[in-house]
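Following this message is one structure expressed as structure tokens.
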Amino acid sequence: MSKLHTVNKSPFDKNSFDSCLTLAEDGSAVLLIEDGVYAAVAGGDVAARIADASSRLKVYVLGPDLAARGMAEDRIADGVSVVDYGGFVDLAEAHDAVHSWL
Amino acid sequence: MKFGVLVNEGPFTHQCSDSAYQFTKAALEKGHEIFRVFFYYDGVNNANKLAEPPSDDRNLTANWSALAEEHGVDLVVCVAAALRRGLNDDILAPGFRISGLGQLIEAGIQADRLVTFGD
Amino acid sequence: MSDLPPIPPDDEDEFGVVKKFCYVNRKAPYGTVYALESLEMVLIAAAFDQDVSVVFMDDGVYQIKSEQAPEAAGMKNFSKTYRALEGYDVEKLYVSKESMEERGLTTDDFLVDVEVLDHAALSALMAEQEVVITS
Amino acid sequence: MKFGVLVNEGPFTHQCSDSAYQFTKAALEKGHEIFRVFFYYDGVNNANKLAEPPSDDRNLTANWSALAEEHGVDLVVCVAAALRRGLNDDILAPGFRISGLGQLIEAGIQADRLVTFGD
Amino acid sequence: MSDLPPIPPDDEDEFGVVKKFCYVNRKAPYGTVYALESLEMVLIAAAFDQDVSVVFMDDGVYQIKSEQAPEAAGMKNFSKTYRALEGYDVEKLYVSKESMEERGLTTDDFLVDVEVLDHAALSALMAEQEVVITS
Amino acid sequence: MSKLHTVNKSPFDKNSFDSCLTLAEDGSAVLLIEDGVYAAVAGGDVAARIADASSRLKVYVLGPDLAARGMAEDRIADGVSVVDYGGFVDLAEAHDAVHSWL
């Protein structure tokens, strides 16, 4: 079973991002949405955690939610891919189940 | 593919309702089937037809109703969560229906994917 | 809960399909309503004869702390419903070892029997689930 | 002493409404004056008279109405927040009134302390 | 905002009392509605001619990020209202230095002019306030 | 101006407790309510932060909210005093303003 994990909370505000990266099984995908997109442009420790995870997980960020928050795509950490809502649907289809880290 | 969608928060308060709506719309545009959208917790507030958002803002309740009208999407509000929060048939927006939690479990069983949006 | 659903007969199998449903609880009780209403979802899934697992992690481990007494704060005590889960054949209750220990809790603090899993075991368990419901 | 109270979240969803109610009751019991309780954000949902909590649970809307009845507490719901969320005079519980945000600022000015409860 | 309150005349002093009102914003915009509705409170306080300060700290610093474009996510862009604050004589905007730096932001990222304060200065500023409104 | 600060979030879940302790001015009081009461019984790092702060702040916890969550008072960290709702009102009266860290 391969899963799509979504994270919708800022990594500075809540532990959802950390819990997701810790528990997501190898080979699964993580999609950052809503306030979760700040993780993709946070830099520092958060970027290092994404870099660590990217050997075993694929990390995506929802473009419309980044744009909403005024974050240009050139701020995105290495190893993070941008998708739109259609891409979100495609990811949900491509994995066996969706786990939302609320 | 058949998708089920679970919405846990009200419009205006959390983006979750927007995300669920955008996901549902994108799935329909890609030719997928939406088996059901189920509203639980404060998500039941999406179905309140009395909501009058500012004229320059989006109206999520109207947007959901339009999806039901145009695509026949089944919009189900949990009866127990709705009773507690003061949502009943008198103020239910078009296209929504009130039913039991079993409808969510059914969506989990029948849909190929259940996608949850919440706080 | 005020209205527990009927305990299902053993032969109920309404949709002819049994899926692995996993409820993941990561929020504390009482501060928000999620713990209470999530429990109502668990009971319904059991009534539909699905293969239900319940995971308590992060602040969700507080949901099953024993000796809850919310009456003085004007709230309803729903913690006894966790004890009723067994009657609905919901017996797969898991607790994150790291979450429990970080909060200074032990299994003696819980009002139900649970299986304690470390991160690796919990990750493997959740990877098998077909429907994951979070709140 | 005069207290003002601001409630930012709905009943059932957050304990904030309970805390605000318990604080208000304790202040009255100590002989303090409650200048006003103002409901903003999802706090406006405290005033929905259609809410029917389970019979073994507390009914916060009824509790607030009783405070207004017994102690004359001024319960004010923000009109802008209420409109968005579908709360209007037709479903307003007894003892509440709908008015503008200026009523909150007035409470901040006139009360000796403004105490906020929220998420 | 759809309906900005009227800009008050200079001599308005409706209650004859001016208090120090401080709005503390600690939440990101769009994920929740708090940023938008808090801004409506700030405008009203200004219309009542109070001494208003607005603090952005923790994820609240994201509220004044420039170039917000929420239209593609189906939401309304209310960020231009921060620019209107000056017209209401709300000119005391403060940002937590530590919160800004932790998020990799600089004052060039903000859509309004702000004063950046470190923890000690921010603590001293907030200690002087008579009414603190948070969300 | 002396303030009463309230914290209603778990220290494990959100940064409200840390932000409050960092920004509360010397001589002010901190009252833990709702899910904030877990800070009073958390032990470990959280208890150490309370101990550090207690030389310059007075820390209280709301008894009914502790009891709601099944936490016995013998778990409470040193330097934390228990109050009821009446005590909450007294604290709000005794300080010049109330700052709720939501």
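As written, the chain order gives the labels A, B, C, D, E and F, with residue 1 at the start of each chain.
As a working rule, a contact is a pair of C-beta atoms (placed from the backbone, for glycine too) under 8 Å apart; a residue touches a chain by one contact, two chains touch by 3 or more.
If you're wondering where the values come from, they're calculated on a predicted model, not measured in any experiment.
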| message | Going by the touch criterion stated earlier, list every chain that contacts chain D and also contacts chain F. | response | C, E
| message | On a CA-centroid basis, which chain has its centre farthest from chain B's? | response | F
| remark: Of all chains, the one whose CA centroid lies most distant from that of chain D is A
| note | Rounded to the nearest Å, the gap between Cα centres of chain A and chain C is 27
| said: Measuring centre to centre with CA averages, how many angstrom lie between chain A and chain D? | reply: 39
| note | In whole angstrom, the CA-centroid distance of chain B from chain C equals 25
| field | Distance from chain E to chain B - Cα centre to Cα centre, in angstrom | value | 33
| field | chain E residues counted as touching two or more neighbouring chains | value | 3, 30-33, 58, 73, 75, 131-132, 134-135
| task | Mind pulling the residue numbers of chain B that touch at least two other chains? | result | 8, 12-13, 15, 19, 22, 41, 54, 114, 116, 118-119
| note | Going by residue number, chain A touches two or more other chains at 8, 12-13, 15, 34-35, 64-65, 97-98, 100, 102
| Inter-chain touch pairs (all) | A-B, A-C, A-E, A-F, B-C, B-D, B-E, C-D, C-F, D-E, D-F, E-F
| In their shared complex, at which residues does chain B touch chain A? | 1, 3, 8, 15-16, 19, 22-23, 25-27, 29-30, 32, 113-119
| chain D residues within the chain C interface of the complex | 12-15, 18-19, 21-22, 54-58, 119
| field | Contact set on chain A toward chain C in their complex | value | 1, 3, 15-16, 19, 22-25, 28, 96-102
| note | As the complex stands, chain A meets chain E at residues 8-10, 12-13, 34-35, 38, 41-44, 63-65, 67-72, 75
| Contact footprint of chain B on chain E as seen in their complex | 1-3, 30-33, 73-76
